[in-house]
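Okay, got some structures for you below.
Across the two complexes that follow, subunit A remains constant while its partner is subunit B and subsequently subunit C.
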Partner chain A sequence: MSPVLLDVNGLTTRFATRAGSLHAVEDVSFTVAEGEIIGLVGESGSGKSVTGFSILGLIDPPGRIVAGSVKLNGRELVGLSHAALRSMRGREIAMVFQDPSATLNPVLTIETQMRLAIAAHENLGDAAARARCIEVLGAVGIPDAARRIEAYPHQFSGGMRQRVAIAIALLNRPKLIICDEPTTALDVSIQAQILTEMKSLAARLLVMYAGRLIEAGPIAEVLRQPRHPYTRGLLGSLPGIARPGQDLVQIPGAMPSLIDLPQGCAFQPRCGFADALCATMPALNGEGARSFRCHHPLAAESAP
Partner chain B sequence: MTTAEPAMLVEVKAVSKRFTPQLSLGDRLAALLGSPVETRTVHAVDRVSFGLEQGEVLGLVGESGCGKSTLGRVIAGIHPPSEGRASIAGETVMGDGRTPLKRTTRIQMVFQDPFASLDPRVRIGETISEGPLAHGLVSRSDAPAYVARWLTAVGLPVEAAERFPHQFSGGQRQRVAIARALAMQPDVLVCDEPVASLDVSIQAQIINLFLKLRRDLGLTMLFISHDLGVVRHLCDRVAIMYLGRIVEIGPAAEIFAAPRHPYTRALLDSVPKLVTGSDELVTFKPIQGELPSPLSPPPGCHFHQRCPRAEARCRSDAPQLAGGADDGTGHRVSCHFPLAGEA
Partner chain C sequence: MLGFIIQRVLQACLVMLVISALVFTGVYAVGNPIDVLISPDATQLIREQTIRAYGLDQPLWKQYLDFLGRLARGDFGRSFVYNMPVLDLIFSRLPATLELTLAAVLGATALGVPLGMYAGYRPDSPVSKAIMAISILGFSVPTFWIGLVLIFTFAVSLGWLPAGNRGDTAALFGIQWSFLTWNGLMHLFLPALNLSLFKFALMVRLARAGTREVMLTDTVKFARAAGLSEGTILLRHVLRLIAIPIVTVFGLEFGSTLAVAVATETIFSWPGVGKLIIDSISTLDRPVMVAYLMLVAFFFIMINLSVDVAYAALDPRLRTRRAA
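Presenting the complex of A and B:
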């Protein structure tokens, strides 16, 4: 197996609000090996984005990483100075966000924005910097990059803008790219184009619920045989899998407030298997390559 | 082909909708004096015709900018059509826009974003009863019971009537919006992306609610969505739109199993699918290129620039929506070179 690139251990990020402390990310641990693609899934409010932001040190007050560590190639990132984080961001870890029209500056040409990203880390000459920009734009599938580089963001479609955002993330050849819902804002046909470009179909899946990792494992196994009732409920909620016209296997209720989480397992008020034991927090137990946080995991049946 | 079609509850006949921005005073003067003025007309809907049977759920599918929402609004009587006619039980919904014809109470709409479609300062009970009271569907003294009935129908507690929208989650708000539409006792419900802004587990709850309402009330629905999975699950028939035109329409099961228009095929192929039974876990094939601008749609078939089957004829000659096989299912496709219709 490739060496570990990113090691997140016990990451806990909270936000101070007037109503109390909001537990956005609680005790999240996982590793990413070099060259590995990991999928982090969960509904809104589950803590996926805050996990990504925490890794990059992008949590601003009233938010704070209250515990845990994030190591990139063995180097601790939590607690680094602003200057050190700035020199790390973009060069070692880059991020692609959901909405490309909000991440690109509308009054600067694509070239100016890309050159700024290079200049932040490297002193390249004019010609070399421009050549790098054009090369990367071509690599993410922007036709006629040498000419399009002089355009402004509004002259691009949504899909093309997301390609530009990805190109900017790739500019400084980072070791790790964090993509926060990079295709959610795009139409299906454009989504497929971006996914092909990124070859981003994950090998390992992490499932989050109410700030915690509740299941992890190789993607094929998790999808075929979820062990956590929430994961199974989520899969059952997808209309693409069920027979048309049949009621979907829905999860009752809604995600609890992160300020006022239920005792023990956060999923228990919505779970059909919950009993008295579930008032205590289950640990993330491992079974081979799989792990799940549940007192009553679904049975591991033999493969169909 | 002439098929003996059953009487349609909703009929849409050659409806077009164009949006032309108001010209400035200077441009209008210049036009009066005979100089050419550039008008930027958006052709949102282009000569669309279809029908909706009583009790049927028709899915209207397409990418953003294809005109599906505009078409829904024309049918619901929010926009007057530029040409053509939408009618319900034989009566025109809306004419030229200058003379509103009060049919719109019989068609109600549910919108995508329940945060934007509910008045934040009005209690839920009032939001639901306002329309029925104004149209005399219920008396003021019976209103609370009437509201309670519809709250129950959409799976909300009766006490919800006393609360404000901010006290509800997104899924619950969408239930309120559905209750408001149903309280008007409409013949037809037009739903514009009603589950698109909801999380997956909440989306499943609302889809199940639509299935239940369909069974209980025999609702006739036009269900507008970009989500093929949702449409496949909920709809009897599907119409696929591309740049203002319907390119294929037919029974949902048939269209999903054996699409005949290259765009429908490409759209189905471009959705990443979970294949839980095989080793190739996720499969999809992207469509080349992007939706052309509705300001200047390409001549001929609108899809020809992205179509792998396009020939010279497709670039000049717009195909008509026609029955392919004479199988009586009403499966029609607008293509010079349709696919054989095999899975």
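Presenting the complex of A and C:
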């Protein structure tokens, strides 16, 4: 096992709103080993993006990390000064966002934007900086990078634009890259391309619901044998499972408001197995490499 | 780009023709200048001679065509009052207004944009609130009143700065400018400050609104995630993204101030074109009014053209569309 690169422990991020405290991320813990790829899944509003931004220290007021720790190579990031966080961002942890047409600056050339990212961390000469940009652009599959580097974002297609954004994230050779749904804004064929090149298959999968981790484990096991009813519901609603002509299956109900979460398990109002016990918050119980947060886990079927 | 400019110049010629017709008819309707031209006790004979000499007995269309004919030869006519060529008269006054306007608009932009950006970046800080309070003052207090207060405070009570006139001038490109001498600069300061307050308020508001909007975008968040410092983000990303409305307003303000800085020029006895046009309206000095209004139209066309060229320089997306 490679050494632990990122250790997130009890991370809790809340947003103060007029209606009350919004619990975006509650008590999330996980680790990422060097070279490991993990996937974080969950529906919109389950806290995936906020988890990513919390790790980078990019939570803007009224949001705040209220508890927990984020350690990168053993160094605590929560509570670090702005300057220290800034010099860490991009160089040690980088992030790719959902929509490249919103993240890239439309009025600056690709080269300018890449050079700014390099200059934030390193004082390279003109020629060296340009060479690094071209090299990284080539590495993410931009053809004719030496010429295209002078183009503006609108002169690239959506998929190419996301490659540029990924190139910017890679520029300073970070140890960890957080990809926040990097293919959401792209069309399906481009999604497939980008995911393939990002070695889409994560080794480990974390499932989030209403700000909490509710299930984690090796990806094949979680997909084949979900233990949490929510995970099974998610898998059951995949379009690939539906028969043509029939409505897609969906989990009944909607995710509760993060300001007014139900007592205990947040999934209980939508869960077929819920009973009185579910009014208390289940702990994240481990079973070997698997863990899940449920009082009534689905049976671990006998191995086939 | 060249095609675009040629197209705009042709357009400008057409606009100038329409403006000349409008201005000429409008000024004709304002009143008969003959009463100003001769003394009230002149004989009927002299009166009729004068009318004929200036062509005032001709029908309007004939007068207009004559005017266009002279215009084509570069002759805007002579001022009734000053009895000198109108263009010479206007150009003797124009540098004063030009430097006053430039000082006011450039000063307002150079100060208003950074302060506005700061107010947009830190909307809740006390400094930002102070900046916004000043900008409300700049909007709501009338220019002439501020002018009087400035004169009273800095010229009369404190005696730091002169109250009026251009002061010493020095020549550059054969034109006299105040800003080239220390004494002239001192004279320029108060009227420029007076003129710039409103523009300053405008720039602060624009920059603040733009910055607040841009700071929330993913562009800024992505730049932060790449480790860019806040200063770099504001200077390299945000400033470029908010530049277009600022350039637009800069052009509009520059044009309109050049045309009518009347209140300030009057209060500070600044010998610019604003005072000239007000005088010529009250004396019905037709040629000056016509030439001046056409000149103003010409300035606006040129300013708009420069603003359009600046757009293309600032936003690459406009460049491609135009080329296509």
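Note that in this section the second predicted complex is superposed on the first by the 295 of 304 C-alpha atoms of A that agree within 3 Å, B and C clash if a C-alpha of one lies under 4 Å from a C-alpha of the other, contacts with A are read in each partner's own complex, and residues count from 1 in each chain.
We adopt the following convention: a contact is a pair of C-beta atoms (placed from the backbone, for glycine too) under 8 Å apart; a residue touches a chain by one contact, two chains touch by 3 or more.
This one's a predicted model, so the numbers in the text were calculated from it and none came from an experiment.
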item	value
Clash or fit, subunit B versus subunit C on superposed subunit A	fit
Which of subunit B and subunit C A:251 touches, first, second, both or neither	first
First, second, both or neither for A:191, with subunit B first and subunit C second	first
Partner chain(s) touched by A:108 [first = subunit B, second = subunit C, both, neither]	second
Which of subunit B and subunit C A:240 touches, first, second, both or neither	first
Touching partner for A:99 - first (subunit B), second (subunit C), both, neither	second
Nearest Cα pair across subunit B and subunit C, whole Å	8
Intersection of the subunit A residues that touch subunit B with those that touch subunit C	none
Subunit A to subunit B touching residues, read off their complex	43-44, 157, 159-160, 187-193, 195-196, 201, 219-220, 223-224, 233-234, 236-242, 244-245, 247-252, 254-255, 304
Footprint of subunit C on subunit A - complex, ascending	56, 58, 86-91, 94-95, 97-99, 102-109, 112, 116-117, 119-121, 152, 154-155, 165, 168-169, 171-172
Subunit C to subunit A touching residues, read off their complex	217-219, 221-229, 232, 236-237, 240-241, 314-317, 320
Contact set on subunit B toward subunit A in their complex	63-64, 169, 171-172, 199-205, 207-208, 211-212, 226-230, 232-234, 252-253, 266-267, 270-274, 276-277, 279, 281-282, 284-287, 290-291
